[in-house]
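In structure tokens below, several structures.
Here subunit A shows up in two complexes: once beside subunit B, once beside subunit C.
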Partner chain A sequence: MTNFAVQLCDITKTFPAGRSGRNDVAAVNHINLSIQPGEFFTLLGPSGCGKTTTLRLIAGFEQPTQGEIFIQNQPVSKIPPYHRPVNTVFQNYALFPHLTVGQNVAFGLNVKGVPRHEIEQRVKESLDLVRLPDLENRKPSQLSGGQQQRVALARAIVNRPSVLLLDEPLGALDLKLRKAMQLELKHLQTQLGMTFIYVTHDQEEALTMSDRIAVMNEGLVLQIDDPVTIYEKPATRFVADFIGESNFLNGNIDAVLSDKIQVNVAGTQVFSYWTNNGLKRGQDVTLTVRPEKLKLAPLNGTNHGTLIGTVQEIVYLGTDTRYLVGLLSQETVVIRVQNVGGDRSVAFAIGDQVKVSWFPEDIRTLIV
Partner chain B sequence: MTTRRKAYLAILLSPGALWLFVFFVLPTLLILIYSFLERRDGGGVIWNFGMAAYLKLFSPTNDSYINDFLIIFLRSFWWAFLTTVICLLISYPLAFYIARQPPSTRSFLLFLVMIPFWTNFLVRIYAWKFILNNNGLLNSILSAFNLPRLALINTPIAVLIGLVYVSLPFMVLPLYASIGKLDFSLIEAGLDLGANYFQVFRRIFFPLTMPGIIAGSVLVFIPVAGQYVVPTILGGGKVAMLGNILAQQFGPDLNWPFGSAISVVFMILLMMGILFYFRIEQEEAI
Partner chain C sequence: MTTTTSVFYPSTAQIDDLLLSWGKRLLWLNMVMSFLFLYIPIVVLVAFSFNDSRLGARWEGFTLKWYGVMVSNESVLNALWNSLLVAVVSTIIATILGTMTALAMERFRFPMRKAYDGLLYLPIIIPDIVMGVSLLLFFALLLNGINTLFGLHGENAWRPGLGTVIIAHVAFNISFVTIVVRTSLKNFNKSLEEAAQDLGANEWITFRRVTLPLIIPGILGGALLAFTLSLDDFVITFFTTGPSGITLPLEVFGRIKRAISPEINAISTVMLLMSMVLIIVSQLVQKWRE
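Right, the complex of A and B next:
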């Protein structure tokens, strides 16, 4: 049997509907997850997708309606939160306001009855680890948001849990601090070799830090993959739309070839490499392509796999320029072009007729 | 600008200050002065300064009256303490439960806690007398079930029941205020760090609600220690407290200086207790 840090087997969690009189709500719906030891695993999705409920199920604050959770291959349904080998970094930090920073960090060790000299040493170590020395005697209210965040982190890792659960820990920090903390968290995780399960709604954060990402929506896990696969090969329209920016083109399959399909998009023949078996001629499909994978060219001659359109909007973003192009099919696509040509980079004007093209391997097929 | 603000402040504060001076500071001074004067037969005082009243209070003597008095003194504090502890044990879970309810239920439950204030205090205590009487409501119910009757009225237990009853809202409300302010995610944080429910209560909940516990205890202890009505009605005069003794000095015994001296000593003891309490609270806050 493979050794997993955390395993969720067919977990469902329903909450009573309350006074609204509707049916019970399934916050998490038959999900399966297998998380490797030492992995940085992210649960990514919009608010209400069930990611925080999943984390709370692992921590033991909620009981699954159905299914079993294993931590280090041990079923934990009957184990209360205070006996589980996991620790949580809470979204609002939940620092104890009546205790000093040092007492907060020492809390877990104190209730476990760790000898005093060992507590002192480990508290110091973990405060050093989160780069927060010399603040041991402060109260949480005397710290900045970023410092409180580090205390929450130190308070959790000082217990050396086998799994660290992080519930949007950077949500309350400003952008610059958040960016810095993302890298720091990733370094810390590598350094400690600890399993991190990280909940966020920020797709960029997920891509930056994770070994693997589980994209969730409406209580379902839509795709579990490494960041590159999630971004480059989204499994569903939701994943393609939620992570990064995507263009969607609706079409109908004209021909299924050995390694690609030929799709009719508003009268234009478009090729797409595909991996899903079972596609048939005449079937409706949605093609998806990232804005930076599209190329713009002036209208002269026609090519295969190109669409004709009119530039409707130009947004200059510094590193690149974002064009909104209206196609003949009434659909619009977004194209990002890197500004490599200095001040002559923006080569088109609003109203220009343009040709939109791409490499066939950059366009993905989603079944409608 | 600042002088104008000071003038406004003085105007706004003067009604309260005047009230406090006339109805608190002056009477307190009066009692303090009376306690150093001599008794006049038939009530009032003779303006001869001395320590007679205090000497009577503290001199070791075989006078059974004085011994009774010391017992009553100690009993008043002991009962006030017991009442405070019982109120705390009843009110803490109750306040916790109320604080965890949805807002509409919460206001309704708080309304129920305060509803007794709408009925006259004496009427409520007399109601208890009818409940606890030898042929009262409680004993009627007990005998209906063929259970032995309880002789509660005019016993310390009846007095204690009455004291707890009148004090309960004063404990529930400050506790509720302080529990309601608490961030309940701290419970999860505690459990997450390996503390069981008892440890979470002792290490997180209890210290964080200390201000409410202290406020409630002070609000219960002080009035109870000086209670007059409850021991008179439910104790039937057999179980006296400080209030009864004071009433006796200013009433039948007509010994105003001695009554004043008792008041002064009582006040000093209570103030010492309160200062000690607030010291604990401040240490908790550091």
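Right, the complex of A and C next:
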């Protein structure tokens, strides 16, 4: 048997619909997750996708309607939150306002009856670990948001849980602090070798920190993969759209070849190397490609296999320039071009006729 | 050369200024009058408790003798003791029950919760006299039933007294305590309890170490309110007590029926002082809460 830190088997959680008398709402719908020990695992999705409910199910604040959760291969359905080997960093920190920083961090150890001298030592250690020494006697209300966040983190890791659950812990911090804390969290996780289950709606945050990401929407897990695969090979249109920016082109398969498919996009023949078993000639598909994978060139004699359009909008972003090109098929695509040529980089003007091309391996085929 | 007769026409701005300055003065007057209206009777009461005159209509010099008369009066001291006993006991019981009710109402969803919620406010809304009469009826039936059941007669029979007064005070004070405690529970961040449980605290430890310390100012506020209301109550006490359970307000009322004596002024001043101390304590509790 494989050793998993956390395993969710066919978990469904429905909430009563309330007064309206309609059907119950499934916040989480038949999801399966297997999280490895020491993994930084992220649940990513828009608000209301069920990611926080999933975390609360693992913590024990909610009971699954169906399915079983295993923590270190032990079923935990009948185990209350206070007996589970997990700790949570809450979204609003949930620091006890009537206790000092030191008392907050010591709370879990006090409850478990750890000897006094050991408590003092471990509290000090974990406050050092989150780089917050000398604040033990302050009250939470006297700390800044970033400091409160660190106290919440110290209060959880001082208990040395096998799994740490983090519910959008950086959501309330400003951008710069958030970026710094992302790296610090990742560093801390590697240092402690602890399993982190991290909930966020910020795709950049997820890509930065995670070993693996589960993308969720409407109570379903759409894809579980490492950040590179999630970004480069999105499994569904939602994943492609939610993580980063994507262009979508609707087409119809002309021919299925051995290593690629030929797709008719508004009269133009284009190729996609990515083949999927079961694709047939005549089938409608959606092609998706990232803006930075598209190339822009002036029209010339060899326009075969490219899409022709007109530049509609140019946004200069410093590191790169973002072009909006209207195609002949009335669809629009976004193209990002790196500004490697200094102030000569912006080579096109609004109204220019251009051709849009790409390497066939950069385009993905999604079944409609 | 033409001469113009200058006529003074005030501008709109000048009229506004005029109105504003008079408005301010009138507002001040209003405030002063209100305070005078509220406090002159009380000041007169306190002053005349030190008046060396048996009739009390004219000032005849400073004296403390009415306080002496008061403290040497057995029935006044007895009434004061009764009042404090009723207030302390009914406050403790009402605070415990009221806090439990508030917790149940805020935390749980159960059938008829809305109806129960409405019923909780009833003792606050219904007139004291109605509450008094209904409690009188209730106790008459109850005591009659008990006495019949156990065959108690004459000396041994259960009668209305301090016991029934305490039950009556608990009955109306539960509502007040519940309302005050519920407001502090409404502002309570529920994720704090989850955090405590997450850190290994079971339900009881969570309540004792997190919930209770955070809502204790609300509970104390409710208790102070209950104590004041109990000390103050006349109507409900009047209907539910017996000859053995005379509280201070009833004692004062009984004395006024016979003759207005300066001693009553002294008793009232002492009651006023007790209320003021309670208000100061509750203000201090509020401060400490922040």
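Keep this in mind: the second predicted complex is superposed on the first by the 365 of 368 C-alpha atoms of A that agree within 3 Å, B and C clash if a C-alpha of one lies under 4 Å from a C-alpha of the other, contacts with A are read in each partner's own complex, and residues count from 1 in each chain.
FYI, a contact is a pair of C-beta atoms (placed from the backbone, for glycine too) under 8 Å apart; a residue touches a chain by one contact, two chains touch by 3 or more.
Here the structure is a predicted model, which means the values were calculated and not measured.
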Partners on subunit A (subunit B, subunit C) - clash or fit: clash
Touching partner for A:Thr88 - first (subunit B), second (subunit C), both, neither: both
Touching partner for A:Ala59 - first (subunit B), second (subunit C), both, neither: both
Partner chain in contact with A:Pro97 - subunit B first, subunit C second, else both or neither: both
Partner chain(s) touched by A:Arg155 [first = subunit B, second = subunit C, both, neither]: both
Partner chain in contact with A:Gly108 - subunit B first, subunit C second, else both or neither: both
Subunit B and subunit C contact sites that coincide on subunit A, given as residue numbers: 59-61, 80-83, 86-88, 90, 92, 94-98, 107-108, 111-112, 155-156, 159
Complex contact set, residues of subunit A against subunit C: 59-61, 80-83, 86-88, 90-92, 94-98, 107-108, 111-112, 155-156, 159
Subunit C residues touching subunit A - in the complex, by the definition given at the top: 189, 191-192, 194-202, 205, 209-210, 213-214
Complex contacts: residues of subunit B adjacent to subunit A: 183, 185-186, 188-196, 199, 203-204, 207-208, 284-285
Complex interface listing, subunit A residues touching subunit B: 59-61, 80-83, 86-88, 90, 92, 94-98, 107-108, 111-112, 155-156, 159
